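We just call them A, B and C in the order they show up, numbering each chain from 1.
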C-alpha cells in the first residue's frame, strides 16, 4: 500500500501537456539543517494537488523556493516544461506562479481594487491603469465565481473575502499555478466549502492549484493527487481516490496515529468558574464580548467553538486577567472579578487559574529567553525560585528539566532560546508550565495550532488527563474536530455572544457550522444560551 | 600655507633652540569655544599669531573639549617644558591653580580671571567700564529712548557687561528704557546667531533702536538683524565695526589680543611679571571703537559725551558698579 | 521549521563584527588624516601611546572609561525593557547636583567613609528622580520616552545653569561654580589610594569611583539576569504581551527600569564632582551620556561588553586629546570626526556587514525560519 517516494514517471509522455510544476532533486539547507532533501514533485496541469506534512516537514520551504523567496542549493525546477532559475518572486510571478499566504499581504485601508493593482499599477498615473484593472477583474470574478466588491475597503471585509482578494491578486498577475498555504485556517466550514468551489471552478478553467495543508480532511475533499512530506523529504505521491485518512496520517507522522481521542464520560464536580453577563469593549469602542454567561465545573471540559474573531479570544483574555471587563462578574475558585475590582493575571493565577494562551509566541513565551526562563513565566515570583534578592538558577534549571522530560520537549535543552524550538515543542513548554501546577481551572486557547499531529495526540491526552484529575478546563479552539473530540459541552460564540450549547457527544459538524455562522438550527440537543 | 608657516617656525625654533637661553617655548591652552570662535578665543589667537609673525617663534596650542582636559592640557604643556603658558578664560582658573603649584618654575598667564600664585600672571578686564561707554553712546544714538542688550550664556560675566551698559545708558538718559535678553543657559548660547537675530528683532519690535550684543558668535545674528531693520548695533570684544558699516554704532573693545601678545613678548624680553593686571579704560584694556566705518554715525556731541565719561571714569569721578563685586546690579 | 535559524558562532557577533567595524572606522579616519598630509600610522601610534603608553595617559583613559561604564550601563538597563533612554546626559547632570549638594552640606562634618555612600546614594536618587518623570509620562501617558528624555536633558542643563548662576555660585567669582568642597570630602584619586600601599603612580583624574563602576557592572549583571525584577524587565523588553499575560505590569517595570537607568547615569556625578572637580560646576557631563548610547550599543547591552566598549571610548577620548596635542594639524574637531566614525560604524552601520559575515560563518547560507 505504501508508496515509496520516487520521481513520478512521465506517464503518457509525448502527447500530454508538460506538468505545471516539475521539481527534481531540490535541496535546501539552513545551516546544519537539511530543510528540503532531494525533493522531486510533479504537479499535472489543471489539477488540484495537495501537499501535506507536519509542521516543520519542509512544505513551506519548498513553496518558498517555488515562489522565489529562497534559492535552492541544488536541483532542477521546470514550470510548464520550461527550466526556471528563480532568483526573486518577480521571476516566479513572471513564470505564472501565484501565492496566497496564510497571513494576507493586503493593505487594510486600501480598497480591493487598489490592493489588487498594488505593485502592478502600469504607469505613473493611476487612473487609466485602474480602469483597465477594473474591467479585467470583473471578467475574472465572473469566470471563477469570486464575487468581491472592488470598491470595498479591505480592512472592513471578512477574512473569507480577503482571501478571495488575495486569489484575485494572483490571477490578475497572470497566475496559472496558484499555491495556497493553509488557506482554511481562518474560515468557517461553510466558507471552506465555498473556497473549495472556487478551487474547482479555477481548475475547470485550467488553473493548477497547489494546496498546502496539514488538514487531512481537506485533502480528501478537494484534491486529485497528494504528496506527503516528512522530515524534509517527499515520502509519497498518491492519487487521492486511492488513499485514506488513516494512511495519510501514518505517512505524515511515520507511525500509526490515533485520530480520535479516547475518553470516558465526564464526572463533573462543583462549579469552579462562573461567568455572569460579562461584557467587554475594546480600545476602539467595539463590543467584543456581549453579555456572556457560562460555568465550568471541576472534571469537565467545556469547549468554545466559533470562527476566529467572534470574541472567544477576548473572553479568554478577560478570564485570564489580561483584559479588563466593562460589565458582569467572574467568580473563579473563590475569587471575584468585577469592573470595579479588576484583577491582573498575577492575581488570577493566585486564585488557582492557569492559562495556555492562544498565540504562544505572541503571549505565552518570550522568544529571546532561554527555555528555562520561559518555563517560569508568570510563576517567576514563586518562592521556590527566589531567595530574598537573587533567583535560584539551579532550582529553575532543575524544574525546567523535569518539565521538559515529563512533556517530552525536544531538544531537551533548558538553555536553548525559546524561539529556536519548533511550534509543537514551544507549545509543550507552555503546557508543561501551566499544567504541572495542577490548577483548579485551566484556560486553553488553540492548544494544537501549528503543532505536529504526533504532538496533538499527546496534548489531547494531557488535557483529558487534567480533566480526569478534577481540573475544570475551558477550551477555545477554531478546530472543530478538536472541540468535538475533547469537549464534554460545547458553547458556540458568534459576534460576541454565546448562540447555543450542545453536548459534546451530540455535536455534528453541520450543526456547529451553522451556529458558528449565527444560525441556531432547530435540531435536538441545541440549547439556547442561558 | 599655514602648515608650512608652522613647519618653518618649528624649524626655526629647532635651529635656534641651542643658540640662546633667551629663547622661549610658549604655549596656549584655548578654552571650549575653540580658537576660531570669532570672539574671545580668537582674539587671543590673533594676538599670538601677531607675535609668531613678528618673532618667528612658534607656540604649542591645545583646544580643550571637556572640563577635565583643562588641567590635563596645562600639565602636559608644563611637562613638555613650555614657558610661558597662557590659560585662556576664567574657567581654567581651578585647573591652573593646581598645575601652577606643581610647576613653580613655569610661568603662566591666565586671562579673564585671577589666580594668586607667585608664578601666575592674571589679566582681567573692566568690561563694565567699556560697556558703560557704549551705553552712553547707545542712549545718545537712540531716538526712541529705548535700547536693547543681547547676552550670550547667562553667567555673571555677561551680567557684568549688561550692568555696565545699563549704567551708561541711564547716565546719558535717565529716562531711557532698556530691554535685556540672554540667548540661553547653555554654552550653545555663544554660537546661536539665529536666536540672536530673533531676540534683536523682538527688541526692535518693542521700540528699541540700538542693541548691544555681548554674546560671542551669537552677536553676528544680532548685527545682521540690526542691518536688516535699519537699526543700530554695538559689537563686542574686538572691533566689529567693519562687519556692517552704517549700522554698527561702535564696538566695546576688550584687548585680549594685546594681553596675549604681551605675555609672550614680555616673557621674551624678560620683563614678564607675576601678579594681577587689571585692564580698564585707563590701561586701554577696554574701550570703544571709533574708525572710518562708524565715523558718520557718531555725532560730535556723542563723541564728546563718551570721551567725557571716559575721562571721568579714569579720574574716578564716575564710579561704574561691577556686577561681580556683589553679584547684583544695584548701584 | 523544526530548526531555528541557523546561527553563526557567538564569537562572530561578539568579537569579530565589532572588530571589523572598528577597523573600518579607523581605516576611513586614516584616509582623512592622509588627506590632510599627515601619516595615519604615526597618528595611530600617538593615539595608542597616549591612551595606554604611559601611566598618566592610562589614568585618563580609565577615568573616561569610568564615565562610559556608568552611562553605558544606564542605557543598557533601559534597553533591556526596550526603552531608549537618551536622557543619560541630563540624569548624570542632576546626579552630579545631588552629589554636590550632599558634599556642600556635609563636607565639614562627615568623615569620608560616610560621605562616599551618602554621595553615591544622592547621585542615584537624583539621577533616578530625573529619569522617573519621563518614565512616568511614558508608562501612564504614553509620551514617547525618546522625546521626553531629550527634553529633560535641556531642562537639566537649564536648571543647573540657574542654580549655579543664581544660587550655588561662590559670590564674587567669575565662573558659575560652587565653592570647593573641603578636602576631607574628596574621593581619593587612584594615585593617592595606591600611595597608601606604597605604590607610586602618576597623577591623573582616575579616582576610586572606577572601582564603583566595576562593582556596578557586577550589580547590573546580577540584577538583570539573577533577580525577579530583572526578569520582569527583560520580559517587558522581550515581549510586552507576554509580560501582561504573566501578570507583570509594564507600567511599573518601565518606571523601575528607568529609575535604575537614571541612578546609574547619576553616578557620573560621583566620578566628576566628588572624584575630580571637587566643586559643582557646569557641563561636567561633556556628552558622556550620549556617548553611553554608543557604548551600550557596541557592548551589546551586556556589562562585559560595556566595560570593553567603555575602555575603547576612553582610549579614543584620551588618545584623541593626545593626538591633537602632538600633531597640531589634527585639530580637536578631527578627533571628534574619528570618534564619530567609530560610533557610526559600530552603531548606525552595525548591520552593514553583519549579514555577510554571519553568512560566511554559517554553513551554506542563513535565512529566517518559516513556519511549515
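Methods note: a residue touches a chain if its C-beta (ideal position, glycine included) is under 8 Å from a C-beta of that chain, and two chains touch if they have at least 3 such contacts.
All values reported here derive from a predicted model rather than from experimental measurement.
Taking each chain's centre as the mean of its C-alpha atoms, the one that lies farthest from the centre of subunit C is A. Taking the mean of each chain's C-alpha atoms, the chain closest to the overall C-alpha centroid is C. For the pair subunit A and subunit C, the distance between mean C-alpha positions equals 46 Å. Look at where the CA atoms of subunit A average out and do the same for subunit B: the two points lie 76 Å apart.
With each centre defined as the average position of its C-alpha atoms, the distance from subunit B to subunit C rounds to 36 Å. Residue ranges of subunit C in contact with subunit B, taken from their complex: 37, 60, 63, 154, 157-158, 161-162, 165, 169, 171-177, 180, 203, 205, 272, 276-277, 279, 281-284, 286-287, 321, 324-325, 328-329, 331-333, 335-336. For subunit B in complex with subunit C, the residues that touch the partner chain are 3, 6, 32, 34, 60-69, 71-73, 75-76, 90-91, 93-94, 102, 112-113, 153-157, 185-187, 324-327.
Subunit C contributes residues 1-7, 222, 226-228, 231-232, 234-235, 238-239, 241-242, 244-249, 362-367, 369-372 to its touches with subunit A in the complex.
Interface residues of subunit A facing subunit C in the complex, by the touch rule stated above, are 29-33, 35, 53-61, 64, 70, 73, 102, 320-322, 344-349, 355, 357, 362-369, 373, 376-378, 380-381, 385-386, 389-391, 393, 417, 419-423, 450.
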